[in-house]
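One chain, subunit A, links the two complexes that follow: it is found with subunit B in the first and with subunit C in the second.
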Partner chain A sequence: MIKVSDLTVSFGKIKALDKISFSADRGECILLAGANGSGKTTLLRSIAGVLFSHRGGIEVNDKNVGPETRAKTAYIPSSLSLYNTMNLEEAAALHASFYPRFSYREIGDFAFDMNRGVGTLSRGEKTLFFLSLALSTSPDFLLIDDVLHFLDPHLREIFLGTILRLIEEEQLSVIIAAQSAVDIEGVLERVVVLDKGKVALDDSVESLKQSFVRLYAEGEKIPDNLPVVFQREWEGMKELYIYPLPPDVKSVTGGRMEYLTLSEILRAFIGGEYDSL
Partner chain B sequence: MILFELKRIFKEGIIIILILAALAIYTLTTDKDPYIVSIVFMLFLLIYASFTGWSVFDRERQEGAEEYLFSMPVSRTRLFFLKFTPRLFAVLLVLGCFHLVHHYFNFPLYYPPLDFSIFYISFFLISLSFSISIKSFVGAFFLNAFISVGLSFFIKMLDSEISEFSAVLTANLALLAFPIIFFIVFQTLDIKPIKRFNLKFVPPLAVIVGLLVGFFWIKNLNQEWRHYYLTRTGDIMRSYCTRSQLIRGDRVIPFNGCVTPLLEENNSLYLHVREKGEKECQTRRLERFDPGNGNRRTLLEVEEGWSLGHGSGERNGALVDGTYYNILRNLDLKRYKIIMLNKDGSSGEIPIYGNFYDETVDDLFHVAGKPRQFFITTRSLVYRVFENGEAEELFPIPMGMITWKDRLLVFDEKGMTLFEISDRLEPVFHKLGNVKKVRRRFGGLESSKAMVQVDRKFYLFDMEAQQLEAVDIPYRPYYYYYDADGDFLHLLWVRGDELTYGRMEQGTFKKKRKWNTTIGGEGWRAIRPFPSGVVVFNTKEYERYLFDR
Partner chain C sequence: MDDLYIDFASPVPVYEQIKKIIKVAIAKNILAAEESLPSIRELAAFLKINPNTVARAYRELSFEKIIGGRAGKGFWAAKIENAEDKKIEILKEEFQKFLEKAVALGFAPGSIKTVIDDFFTQAKENRRQDD
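Up next is the complex of A and B:
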């Protein structure tokens, strides 16, 4: 289990994360969403042990973040940071030198020419190779930072298929940082949305879909205490995004109500942030 | 990881290694002045050491692999040593090869190899400290050179008598603080901007540098000097423990170790050279030194465990017919031996045998007689030692004793007795009464006439003619010296801070001079007269008053 308690990370005067608390169990697949600069990468880096300086606690399998937890946590950074002048075989050998239980794992039916230089790989290929390295260490937790958009649909399918299989078979926990849930909704169980370093939303996908609605209201009186996440108004029509859904909202407002896809929900949260600036 | 690093180090350094090899071959085969090339060679070695240290994280920086490396399951400490160890191995390997080439092929060196090795390792370690803070190698190298070389020069400038090796070693040992602080701050290095690292790294460095500079400055302010010697040409030699200087006008010539003059002959000085040993300053050798041209010649290398006695401030040992005599003691073995340093450069020794042992043996103060006899004082007794090494106890330390050639003038509570030195000590003159020896003579010099005080009057006693000659002076001098060549009597009086010098010829004063010393007598102060003048000194300062020639 990953347990984050009151984590605060600052870069000078800027608080990238502000007392956030969060947890991830074995076998969970969590989407970590948020606008640019909301703190997703900072959170993943802190869990991965790449970022040290913080206040608050981070525990992985009941141990504080350190070399021992990094052995069980695989991290794929958005920078796809690797030694570009190495070839794949050398990169794998270097990776293996850090992990006693390293066993090189190919992803799906995608095989690399191991004599290729790391620097010659495309972004998508590099992402897949990084995943190979990550999974070759048999981690308990996989942290993926906003790299899915590098993958073409075919590679994305391979990528996600592998992850899903490992979640089911090996109870791998996955935290994927992304700005949208397109193509990955099928693997997700939970969504955490960060907004300016704080947790704005933490709910299961199922619960979210049932309690996040879009309401159209035209001229009707809108109660003040409605939990509106985001709203737009145009030509006399109000478009309200409501979460969590109160039981009597439709009867109160009389407006038209719609349930949303996960992507639409995320867009609303992220769109809501920008509109409030 | 270590193999990767070694490969990387080899690739990075190959060009410099090839340049070094080419320079080495050229230096060893050229007919031209090789020292110029050896300077270039040493410079490239320093560049190699510096680059190998600075580039410890350069690859990660260039290829953007820092985040990858920090996410690996190794502690920062282990990561540091995984990167550091192969680099240390590489620089030591190159240094070792350099020393082998120097040793077996007589590779010329502009700088002593040990000094240079210290610089070399220091450049490696300090550049390693800058590996994260400074992105440019050129900047790191020049900053490194400025700090390492600069601090060495600073120490040397403050303490001119310190050897270059000591200055380099002291400076670079102190600068070990840099890699230590780097290692400490490295423990919290993460993916944050370098500015964050520098905020933790630079302030302690600045504090360290400030403290080092301050420490050496203050240390230099507290330099003390204990021994002063005024040569016949008016130069000052002074020393204390590990340092010595010759001061000639405005020029200061440093000497390594504690170098004290034993006596002076024909403008050359016999020197006692001591250097810091395991416990304290130890006698290493006796030398002859010409202050005029700076030539030093070793007369005797003293074995470990042997040392000279203290002697007086102005003279130590005896010089007879061009041969210098003194006594060496070995407190561990409880043995003594007399050494003889001849004019032709040869030397000899006479071990003193039997049960003679007195750790208070102080001085071999006179040599006389045929065969030679050597007169030695301890704190309580006077001995003589014969050429076969046999020691004979003569008498307890008297109230006063003056020697000249084969004459020994002894003062006790009954009066004074003049002895002729032969197989026996034959008394040849005796004066009963209240007869006192007048202090001592300038520079411990012997002369045929000695000043004595009988009741309240002063006389010169001629040890050859065995006659007393009255000297009309109002009160007892502090020091005196009779110069038989010109029949001059030099006198020095000290009253508080006032020094008065007078020269008497045929019973009348021909010259008189007065000085007022600013070195107060309330603390420790010494006044030492020499044939050419007087030195007044304490541990911090001195004043020199020269007699007219």
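Up next is the complex of A and C:
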């Protein structure tokens, strides 16, 4: 169980995270979404225990973040400069030295030549290698930063297949930071959206898909009691994004209602301008 | 199974879609009685969805006695009594959705009937042209 309470992280005058509260259970698969600079990396690094200065609480399995919890959380950063100066074998050995339990795990049947320099790997290969290192420590929680777009479709399938298997076999909990849900929508159970350091949305995928709709309307005929989070208008046609749609509403007079994929929902949320919820 | 496809643009939860796919497969006899289903892991990997979602679909289907079995042991299609009735049930569900959409678009019952008649007339035409 990860429990973040009123977490504030500042870099000088800038609040990267502003009193964030958030929790995650074993076996949960969560998307952490948000525009660049919204605080995703800061949140993951705080939970991973590699970012020390903060106000508020972060607990992993009921312990404050520290050396003990770092053994249970594995973080895959999106900067690819880690261990660049050594070969894979040395990198694995160095990584192992930070953890009480380390057993090198290959990903699928993707076998690396361990004598290669880390710096010679392609971005996709590095991402898979860092996933190997992360899973080699048998973590309870896998914290993945924005790396999925480094992987070509084939590698992405290997990456996701491995994670899916571990979710099922070992109740691995996964938090993925990303800006879209392409390819992973089926895997996700929950979505948390950050906006300027605050939680703008925290909902299950199931509930979100049923209550976040797009409404096309011409003229002014639509009822004005709908919670519009964001809208666009051109040539007399309005495009409204409604959330949360009241549960008993299946259609709206005066407008054409559409349900959206998770990626479309995120694009509307992150790409549009909306008043904070 | 070309019906084995999850529509992520639909608000229908994924586990519901899986349940529907399996029910239809059994009703159409694509899945014979007592034939084994893919394991939770296999289906999750194939569809690229969370194993918990598949597990939920299988649990509910098992509770509804549409399938038998248990996680870890394997699942199989149960023998469906009154397959014809189940087929009609499924068809009625689809029809309900179609009618709701038609009404939302402003069709009157008479116009809907015309659309249906035209559909079958056209289908007969196509069959006659094929002969």
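Here are some notes:
One rule holds for everything that comes next: the second predicted complex is superposed on the first by the 259 of 277 C-alpha atoms of A that agree within 3 Å, B and C clash if a C-alpha of one lies under 4 Å from a C-alpha of the other, contacts with A are read in each partner's own complex, and residues count from 1 in each chain.
Basically, contacts are C-beta pairs under 8 Å (C-beta built on N, C-alpha and C of every residue); 3 or more make two chains touch, one makes a residue touch a chain.
On a predicted model such as this, the values are computed, not experimentally measured, just so you know.
In the superposed model, A:Gly27 makes contact with subunit C only, not with subunit B.
In the superposition on chain A, A:Val50 makes contact with subunit B only, not with subunit C. Contact with neither subunit B nor subunit C is seen for A:Val228 once the two complexes are overlaid on the shared chain. In the superposition on chain A, A:Met114 contacts neither subunit B nor subunit C.
Touch criterion met: A:Ser79 reaches subunit B, while subunit C stays clear of it.
Touch criterion met: A:Leu188 reaches subunit C, while subunit B stays clear of it. Listing the residues of subunit A that touch subunit C in their complex gives 27, 29, 157, 160-161, 164-165, 167-168, 183-189, 206, 209-210, 250-251, 259-262, 264. Residues of subunit B touching subunit A in their complex: 1, 4, 59, 63-68, 70-75, 78, 188-193, 196. Across the interface of their complex, subunit B is touched by residues 11, 45, 48-53, 66-68, 70-71, 75, 77, 79, 81-85, 90, 94, 97-99 of subunit A.
The part of subunit C that touches subunit A in the complex is made up of residues 6, 8-11, 13-14, 40-41, 44-45, 47-53, 100, 104.
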